[in-house]
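Consider the two complexes below, in which subunit A is the common component and subunit B and subunit C are the respective partners.
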Partner chain A sequence: MTKKISTSTIISAALVVFLFALVFVLEKVMNPYSMLFVVLKKGAIYALVAVSMNLLNGFTGLFSLGQAGFMLIGAYTYAIFTIPADQRLSVYQYFDGGIIDFSIPVIPALILAGLAAAFFAFLIGLPVLRLKSDYLAIATLGFAEIIRAFFQWDALGPVTNGSNLLKKFPTFDSTIFPFAVAGICIALIVMLINSSYGRAFKAIRDDEIAAEAMGINLFKHKEMAFVISSFFAGVGGALLAMYQTTVQAMAFKSAMTYEILLIVVIGGIGSVTGSVIASFLFIACSEWWLRFLDTETFIGAWQVPLLRSGFRKVVFAVIIMAVVLFYRQGIMGNREFSVDRLLKKRQKFIEKQAAKKASKEGR
Partner chain B sequence: MAKNVLKLDHITMQFGGVVAVNDLSMEVNEHEIVALIGPNGAGKTTAFNCVTGVYEPTNGMISFYGEPMVCNHPQGKMKKLYKGQYYDEFNKVISPTPDQITKLGIARTFQNIRLFKSLTVFENVLIAKHMRAKQNVFSATLRLNAKEEQRMREEAMALLEEQNLAHLKDEIAGSLPYGLQRRLEIARALATDPKLLLLDEPAAGMNPQETKELTDFIVQVRDKYGIAILMIEHHMDLVMAIAERIYVLDFGKLIASGTASEVQDNPDVINAYLGVDEDE
Partner chain C sequence: MNFINTNLPYLLAGISVGGQYALIAIGYTMVYGILRLINFAHGDVFMAAGLIMIYAVTVMPLYVAIPLTLAATVLIGFLIERAAYKPLRTAPRMSVMISAIGVSYLLQNLALYVTGGLSKMYPTIPWISDTVTIGTATTKMVTLITPVLTLILVIALVAFIQKTKIGMAMRAVSKDFETSQLMGIKINSVISATFIIGSFLAAVGSLLYFTNYAAVIPTSGAMPGLKAFVAAVFGGIGSIPGAVIGAFIIGICENIIKGVGLTTFSDAFTFVLLIIILVFKPTGLFGEKANEKV
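For the complex of A and B:
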């Protein structure tokens, strides 16, 4: 195995290290309140959730719309178990400090958040994964809505704080933290996709009947993909809670699922790197570059027409339609951005040049 | 007498009031090539689907190496609708899923080729190795058992080399020409280490030259891997050339069985099938 480490792996690893170093340096040099860091933080979190959704929609062929629900479970699990014991009375002010009076460190809480989401996914998967395509989408969407209503239920107040905010749990300042967690999680997903199980998932996506005839237990593998995807969605939800510093079930509407679906579609269904690139682009557009569409602008005395609160969403809708109509493959299609491919392309290019030269000289 | 690989016992498959397969009994012995023929709509593919677990037969039993593999009798609503015979003989219910049957050692190909079209040729074969891999999702993801993965890859590669498909290993399966897709589908089925191979119209859509190559190929596969082969086929020259025994279905019922010459001379068969065929 030691011999197999190729140049492309080395370059890829170097790129990752460089990326982290760049983020680290930028944070030291630039104003920490710059929009860039908002985009990087939220983008990394959305990238993780988008990749987890892509594992289901793009690699296993299960059209699920439950991502916001699993993020919610992750966010709440994280928040509930990490609020410091001495802060609980002020957070759960309507519920006498809640019923949990301990807190656990951040990293175990992140894992627990994933496990909680995975557990719910396991239970929901038992009946729901027998459905196909649109029906599965409807069932998972319905589940996400139910979860959201359930977590706002007053009777659960001592645990979930009802419809009130959860706050004062540990958060992160550095952009490195979401980058590292999302990076590790995405790496794990990629390793899964490239393993024997990932191939089985792709087989199911391509042809269920043939996959079954190849000895792949359909239900077991679908359930597995569903649970794993939800685990990472849960971790993503917990990261989102840390980023927002507060959690409220209200925020995890189906609109959030659609945002993530949009990222997956724009990035290319079945491409991990596509999802990552698209999520940073999407967050940059929605939080930063297209913000001006939402503010009333005057040029001299003349008010620029259409620009007002909410217009950004109209533009987004148009972009979505354009992508779906004319650019269905998304940014990456189902290919991946990889150093290996670039190297091969370069090799081919050099060979082509050499061939051209040779033919010219031959003349 | 060679050992019995597959045995169908009074298999009846009824969809509502329609009897697709009616009281079919047949067997396939070790190292034997058996053909199942019959006019369109005779119930051949339905019989296949009963064997591979896609359908659950309404009544009857299927054994694999003497062990009951599938067994059922009319239940619930079917009790009233059932038009066949032998109600109470098969009182056990065994209904495995297709993947369990593949694990037992029965592999199949499909009438309309079903490859994993977006994956490479190599991956298509490699997927067949997944079910017997000694690993779980954690060890596979974290590469804890690299030897197992290595072994799977080597076995898949060896199979591709045996089937002369090695040079196409990185091609996308969906982009292969039709004849090669057929070959790949058979290679993929062989990769599951079957004891019995079911071929559903392997020569469909092939020209006479390709059919002839396929004929030799099927015999080669049988000899090389020492497996039994059951096939559905319409090309009579292929069937007559290599099938050691032939079963003829018509409207779900078995109308004749025996060697090629016995079947050819059977008046029922000529009426139902060969008579029509001569007009073509």
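For the complex of A and C:
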């Protein structure tokens, strides 16, 4: 059996290639310090984390709020293992250079970051995944807080540098790098969602008891979704560390999880493309487009009221509340953006036009 | 005896903080009992009460500022319910929880905007900020007032729920949302009353809590909020005495851990306790067992 490659697959692939080419060309021609690249880099990272959260919340129906904790594990694992050996003494200045005196290349470190997060998720999942909806949410939120406290513990200083910054690890300059890593990871998640495991996840989301009656091992599949989601959150955390060039446990608060959750909601719970689009929009709005709200502005002698530092975030929060209250489906609902659907829509449109024409001529 | 002497300050602080958590926890447990909603914004309402107090005392005398703070906080709680939760009454529970997270995000950003990102000094309230010495420990008057005031308010609240008509309606709604509606109970006013009581107690809690701290920042409410929620779960969510006992246990344990020198873990401990409880006794100490219907 050979699979037939449809036109829509080819167009989709071409779109992806075009996107990468566009980013590559833009980076060559535009000022590399433009806000556009900040948005693209951070957006790609948040897209990966949002999709990983969507795998849990949107596709498996597990309301987990532990994402920031797993990102923290990923970020720290990456940083700890990639700081060059000759820089360690200056980074771990209070801990005699730390106890790890080797470093590994970037790509294995990224994978290791994912694995470390996945391992913790496996351990945490054993007790926690037996809980129901909001209890699960609060327990995972609690675990994220425990992890944060643990990484700041002085006794672990030789490994985690206590509550001090980790820095001087390799980072990226090109926007292509986060795009490529996030792209590959999201592709893997999409493949998982479309596999038989993915269908089992959706069955659990729609009705746990019915799914169990159909012979789906609830715990096994929940644990699997949890571990895989955390793996990608870990990779996302490592990318975020590379983007920020420094890591500190302080930054991975529950507010970070809430932001990612809001991205998932804005994009549409249960839509991968929705999460991706919402990530870029969210980052673009918060970092770039709404910046003008933060600066005091004068039109002639008249000062525009309310505009001062912090107003951007208020407006932003109001927009989010509006989406949550009045536009609950989000951008994509639970549908996906696909070339296939667009083609079908076009087909239908043409048929409609033809039918109209025919009816007119018949009259 | 020596152990008690060295740990007395921490024990006292624990009882005091426990009482403050209890006042917040009641708001969580009542809302959860009726709406089955973790009101993530409750901790931020608590923070907002602190900020209102700070701004109020700059323009008016204390005996006006305190009632005004209480009234304004109640109003905030009422408006949040009307604007953010009421439209979602028939929506899935997850949507309401997300809305609560959204409100929390909004309140924090609003506070950031209003304060301009600066931490605001909390005013000294005479008498309750006075220093007293008990045995070997020196502490503020608030440490002694908190547990007493907490107990008085809790007893009043329990009497309210047991004796009055609206209290009876609350119990009915928390037993069965839909049936009580059929029985002619106006659930919207019952829910509003719940939020009003919860916000009022949170405002009282904030007056006591922030007296011990120098300043209020936009995220001041997040941690006490989460801990109070854990206290509510620990005591069995939906149960008011449970929430109070849970809050005192958490407050005391947390401060003893600080006393032993593991300050980093004082927050984490709360969540360890939460997970242990959820795994071994998911309904908490006094919670009712809920059967799942197919």
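To be clear about the criterion, the second predicted complex is superposed on the first by the 355 of 363 C-alpha atoms of A that agree within 3 Å, B and C clash if a C-alpha of one lies under 4 Å from a C-alpha of the other, contacts with A are read in each partner's own complex, and residues count from 1 in each chain.
As a convention for this text, contacts are C-beta pairs under 8 Å (C-beta built on N, C-alpha and C of every residue); 3 or more make two chains touch, one makes a residue touch a chain.
Owing to the predicted nature of the structure, the values given are computational and were not obtained by experimental measurement.
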(request) Kindly say whether there is room for both subunit B and subunit C on subunit A in the superposition, answering fit or clash. (result) fit
(request) Look at A:133 in the shared chain and tell me whether it touches subunit B only, subunit C only, both, or neither; answer first, second, both or neither. (result) second
(message) With both complexes overlaid on chain A, does A:209 touch subunit B (first), subunit C (second), both or neither?
(response) both
(request) For the superposed three-chain arrangement, provide the angle subunit B-subunit A-subunit C between C-alpha centres, rounded in steps of 10 degrees. (result) 80
(message) If we overlay the two complexes on their shared chain A, which of subunit B and subunit C does A:246 touch? Say first, second, both or neither.
(response) neither
(request) State whether A:197 touches subunit B only (first), subunit C only (second), both chains, or neither. (result) first
(message) Quick one: is A:314 in contact with subunit B, with subunit C, with both, or with neither? Answer first, second, both or neither.
(response) second
(message) Quick one: is A:188 in contact with subunit B, with subunit C, with both, or with neither? Answer first, second, both or neither.
(response) first
(request) State whether A:329 touches subunit B only (first), subunit C only (second), both chains, or neither. (result) neither
(request) Considering only the touch criterion stated at the top, classify A:224 as touching first (subunit B), second (subunit C), both, or neither. (result) first
(request) Working from the superposed arrangement, determine the closest approach of subunit B to subunit C, counting only CA atoms, in whole Å. (result) 8
(request) Share the list of subunit A residues that count as touching for subunit B in one structure and for subunit C in the other. (result) 209
(message) Per the contact definition, I'd like the list of subunit A residues that touch subunit B in the complex.
(response) 1, 188, 191-192, 195-197, 199-200, 202-203, 205-207, 209-218, 224, 228, 334
(request) Enumerate the contact residues on subunit A facing subunit C in the complex. (result) 57, 63, 127-128, 130-131, 133-135, 137-139, 141-143, 145-146, 148-150, 152-154, 209, 253-255, 258-259, 261-262, 265, 269, 308-311, 313-314, 316-318, 320-321, 324-325, 328
(message) For a test of understanding, state which residues of subunit C touch subunit A in their complex under the given definition.
(response) 36, 38, 84, 87-88, 91, 93-95, 97-99, 101-106, 108-110, 112-113, 116-117, 219, 222, 226, 229-230, 233, 264-265, 267-268, 270-272, 274-275, 278-279, 282, 294
(message) For a test of understanding, state which residues of subunit B touch subunit A in their complex under the given definition.
(response) 52, 54, 97-100, 102-103, 107-108, 110, 114-119, 123, 126-133, 135, 137, 140-143, 146, 149, 152, 188-189, 192
